[in-house]
């Protein structure tokens, strides 16, 4: 039996907890998909680099001397030592600390010390190159990379989901607030993306304590600034290739485009960069959270009340769930602000983010209890025969709004998880096609 | 070759240390056997629950509103979050912290929040149920559970060993002294049960320091109260289904039934609840220790000298060896006293137990050195080809006493270990019978 | 494809990081090779023992009552408890702490407590014996053992490499400075031997900071004592069975045999114990480092400047890389001095060693960065398809010096690594020959 | 004389670190105060603890990062894992009220926390009446039956005199580990 | 004002925890005494250590448990992992005598233990002349070549004046971890 | 009275351990000095730290070993993992100079280290003006994004009066673990 019973929306728990499935995922999902690696603002200048992960592998993301962003395995092609030891920096070349091979930041070998003493005449220095990820592309500042030689373009991969990515990340020039936050979460990465791709259902239970304390209370002001809207407040959209998003709007509408929580001077820019459907989607936005398959979750939200020391503010967030082992995920989190914010505005947006979704936020500690207990309590083969249930689907997709994808006019449903798992199923059930049995481009030398 | 050479009483060390064998044990032993889960005194009232393990899986043991004890996997059937986060408590229902599904304490779904918004009409709430262990039965207050749909009754499973279980646990209404003690012992679970099922042989070496300090010195009083007995002082009994026990009596006999170490006011009760053979077995009992296959070890002993701050006292003990990995065992320990003891009597019995067998007791630190070093020093495939030797068997079973099972009139022998390993062999060598290859009842949904 | 492409000198990274390959190595390399276990000075008297590892298995190395050195698995043949709990000591017999079986220090069972009560008449005590490694031999004080019944003699195994071992360890009676230093290095054992067998190439990069601070500055004195030599200063020698060494001499020659860094009173002994070729090789020796396949690395060096509190001194070193898991190595290090040194001389040699190669030495912290990052950054199947490159080979072996083996007159090259990996390849690609599929001598009982 | 890298590195997160240590009287008062404060925090007694901080109390855990430039601080600039003030901590305090606590899945049952304060260094602060206190701290965090997680850090506090006693005006926590095993950072170090 | 759960939780194991901390003289004497006591225990010098306890000394490590009711203590009531008195500790002390020690397989070779006492809080006890001392303790335990096991706990002692010095009259050890990695609990924290 | 093994065991590494603890004034001076010393070491500020040691400073970490004879010390005799003097430490200090540091792959980027000093015992030494100080120390070492490694040890220092202040004349570090997880021992505990 397949791990995912697509028809019945049941998934065997072994898909999450069996170490062998984890190894297969590294081959079939993470070597074949576009993976987020960095935001362009992290690589402002030529030579800027950050060290990141693709799947469980450490990579270097660097803007080379010609401004092109490249991604390399952070391991010397000679005998494997790390090339970068820092999380971030700027360099025109990488020098390996073992035997001193140096590489330009476009990956080409520059110096092979004592090449004539050590190597035979036949040794071809020009064939020496950092292990480079063949495809690197960016969309709205988000840089992705893909190990698969035959990968489709990023645009094709995002497909109709680019509408939503653009609505969040394309409405202005954003920059990261600082280096990403990182933590080890003892659960499977799919538990996280399952939640972010569209689980509005858990809020009223998981986050009851925060809600009861007033975290979502909008106060009088936001009510004053608009008028009651009859629009369907919530939608879940299942998009191409397993991507998906949940969009929740407050029942308010305005005369002119209004982006609650963002400083008003940005509103014109937002409006001009977006199409009217995207603008409409962001009106009175409470929260939009989704996932770019496989493991880059995105979220924009308004934080109306996270402390009397701050003001209602919107924030934009991306988090990535790196698969370290079947029950271990390295979670990386970024917060974004539009360029040009004042220090106060920036801190307001950061506070909104941190107090919602940071490691000390009001939501995460409760979410982690759910996610980590699903790991610790499903550890044996006995439990792996049981299933997870994603049968929530009370209505079918409609067209009450002119947004792309299968748009379900409902707030709480599991259609996006079904869509995500279908994609996962499609990739996992297909045996890898190339000869060496693991689907890896033969760019060793 | 089979792992256990039953004829020659040699077992390959890989049966203990190979991670693959461990996985097989979870399927073939722990899914197919009656496993101890709790004592009835831990579930005095309806709604009382404790969280326990079966094999390596966390379960909830609860007395439902109708007084029936049920056992559930401690993981939500929806998407796997833990249902109980505490070790013990009382509740009429379990509410999952993720999406708020609630279940009556009989396992039936009570509330599915927003069921109509989230789920299709076809969604059948009445089919939603906690993952329930199909068989739960008790014997003399000891509650066992069995995942195997086709399991025999507990009574049949205990078989002729119930004579001994009853002698220890059925002679009065016992209650636990408190929550169980728990620790991680870095060895294989079978090393522990091998010891408890009947290893009297190790005492004079392993516990020499304690013995030399006088831990078994009975003092004058106990000699005064009886007279010298000619009975065979020690027996090892190999019983049905791998169960076994070693019984050591002091060479003293009495005119009327006497249960050394237990307050005298209980003696009539003991006598009336037992048959004469059981009474005889407990006369001048030094120690009886055995194992209910696979991993519930039981022990009753007299502690004549564990400190001048206390009095000679008997104690009743159960310990369970949970198989976490090939070389990791979670050891749980309970101490039992007959109901109605005064605080001083209770403390006397607890002291007797703790100072013998607690984590700070005079025996355990020496035992642990043996058990953990067997693990650390047999870690490679090379050592796995060597064998463990259980050839001790100097006499055959006889009938000097009218007790059930194969009764060997000898104190130090390895017949019980042979019996235990034969049962292990029988279960392990039989391939699982059902189609999915892992012998698990299909109660997922 | 084989893991090692011998022709192209490329090795798949999975040979280093795949846990399955690690298990195969334990069977095919470590059960079939002569492994260093101790130095004779550690076992000066009958009954002296040390506990060591062979592969990942703990063994006891003991000089028995007749002066013969024997090696036993440190695990009781009865039920596996450790026989020795200390790292070193002296004993005429080993008493197991579990049931008290005792063994003479030649491995024969001495006492089986209560043998008549416990065991059947058929039980043959004379067949009980510690699990003994069948072959133990010494060369120049270095004791090796081999689990393979069919092993060649140690002399045959060392082959032409004995020339070099003798030059280092046979030129005097050496003794260990003290108990070995031990640490866990998070890398594969082959990364270490790869470096020690002949990687001179990494010095100018990896150890640049130490070199820049003057660690190799010889000062005026050593220049004064000789005259400029025209000899080829450096050679790398690929010897039999994967052994190899790199020899670097300073361009100085002397009228009479001179062993820089060793007290002059030893020079006559050195000269008399060596043949002229060996003497010549040690003239103005800067460093000689090599590896006895698989995992015993040896090194002699002059430390001209390791602090103004000490004097230029030579030291002799052996280090062993125990394979604990694919990415974990237990590194043991010994320092040797010729017998009869004064306390000051001894400390001088120890300082020379510690400040170069100890865990706080100027070299190791930089080496460890290379070696451990090769492990942490090559952890997924994706990276395992890439290769390590050992193509350095600018010249072929010649005969400018009359030393055995393939002598390459070059300082920086990878020929010795090629030689080592060819041996590794030969052993790994051959399926084990005996029936039980793991190549283990059937000395269980 | 060559400037050492190390000095540059540490100075950036250090502020008053090279002022002389204060006299014993002050040290004694401060350590007793901090010990008592830790005791309340160990017991999650936030409501009483809130009496020990100033109205302008600010709490921050900067994001740790490894930069290739050793001259820059190995923590994000104005980027935090946690950033709170007395006002916002109200949402933490109220989480332990009975009616809320029942649904505070991540806190209930309460974890065991234990703070170990070592090497306490008390120095005069930049403003009169203020003291800067550096502590090497270990926080032990134990959830349900999980193994204890030990988290090490440098804690830098600003304390202000309040009559006979003190109040904490500012706390910065410089975690040693870049990738956190303790992801439940909703606590005061 | 709402009562916080946390207060209820901790108070049950706390006794005198909210009394004021004692004066410096007492604190100094107590900490020096406890430091020396830990030094003897680190060296397994039980015989000399026995001079530092009262004749009615009682030692207990309650069983830790996670209850669903936060208002009840997260330790068993009168249920112990270890429970000893000066009288019964005689069986511990004698285990280190030469003739016995040879066969004390679990102690020989001696493990290395090291106690780290932090955040010591000294307060007057319920009886005159008695002091209650709370210590956040880490015990490091290292057996043969195994990795060190660190165990964290709250230690609550009752100390009694004995002329110029002190004696320990009672010790309770509240372990943080429910499932112990340190299973060799035959030691005094 | 039977001699306990434990006493024999510990005495061999102990020297003055059974002398009385010193008076408060000395204790206060010494602990402040050691606290400041640890602060400099935490920041790898070797050049400034070098001002706090004597010219004949000697530093050693003996090799730990488990012997079967409990009467002998569980550390090698005159065998070290690390052995340095003020003179040789020059090679450590200079490693942090800018031009050298760039190529000090094992140090750059700088690890985070944090020392936790507990149970400090100050006693008069064998020579006049010398004090022997025993400290139970934990060293936390964090490299790049790796998990923190905690190393426990007994540290035995000889301190010498230097006017109003002190200097460290000798340091011995008795590690608890036989097989080191912290293999970067190029540091001062």
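Per-chain residue numbering starts at 1, and chain names A, B, C, D, E and F are given in the order in which the chains are listed.
One rule holds for everything that comes next: a contact is a pair of C-beta atoms (placed from the backbone, for glycine too) under 8 Å apart; a residue touches a chain by one contact, two chains touch by 3 or more.
No experiment lies behind these values; they were computed from the predicted model shown.
**Q** Return the chains common to the contact lists of subunit D and subunit E.
**A** Both subunit D and subunit E are touched by B, F, going by the contact rule given at the top.
**Q** How many hops, at fewest, get you from subunit B to subunit D via touching chains?
**A** Steps on the shortest route: 1.
**Q** Between subunit D and subunit F, two touching copies, which fits better, same or different residues at the interface, with half of the numbers shared as the threshold?
**A** Since fewer than half of the residue numbers are used by both chains, the interface counts as different.
**Q** If you average the CA atoms of subunit C and of subunit D, how many Å lie between those two points?
**A** 49
**Q** Rounded to the nearest whole Å, what is the centre-to-centre distance of subunit C and subunit F, using the mean of the C-alpha atoms as each centre?
**A** 31
**Q** Which residue numbers or ranges of subunit F touch two or more of the other chains?
**A** 66-68, 94, 99, 101, 105, 108-109, 116, 118, 138, 144-145, 150, 178-179, 181
**Q** Using the touch definition from the top, which residues of subunit A touch two or more other chains?
**A** As it turns out, subunit A has residues touching two or more other chains at 85-87, 97, 182, 205-206, 366, 369-370, 376.
**Q** Which of the chains are touching one another, listed as pairs?
**A** Listed by label, chains in contact pair as A-B, A-C, A-D, A-F, B-C, B-D, B-E, C-E, C-F, D-E, D-F, E-F.
**Q** Under the touch definition given earlier, write down the residues of subunit C that touch subunit E in their complex.
**A** Contact set of subunit C toward subunit E: 85-87, 97, 182.
**Q** Tell me, which parts of subunit D touch subunit F in their complex?
**A** Subunit D residues touching subunit F: 1-7, 9-10, 14, 17, 21, 24, 66-68, 70, 74, 116, 118-121, 134, 136, 138, 150, 152-154, 176-179, 181.
**Q** In the complex formed with subunit A, which residues of subunit C make contact?
**A** 10, 13, 16, 191, 194, 201-202, 204-206, 366, 369-371, 373-374, 376-383, 385-394, 410-414
**Q** If we count contacts the way the header does, which residues on subunit E are in touch with subunit C in the complex?
**A** 105, 108-109, 144-145
**Q** Quick check: in the complex, which residue numbers of subunit E touch subunit F?
**A** That would be residues 28, 32, 35-36, 38-39, 42-48, 93-94, 96-99, 101, 108-110, 112, 114-118, 138, 140, 142, 144-145, 147-148, 150 of subunit E.
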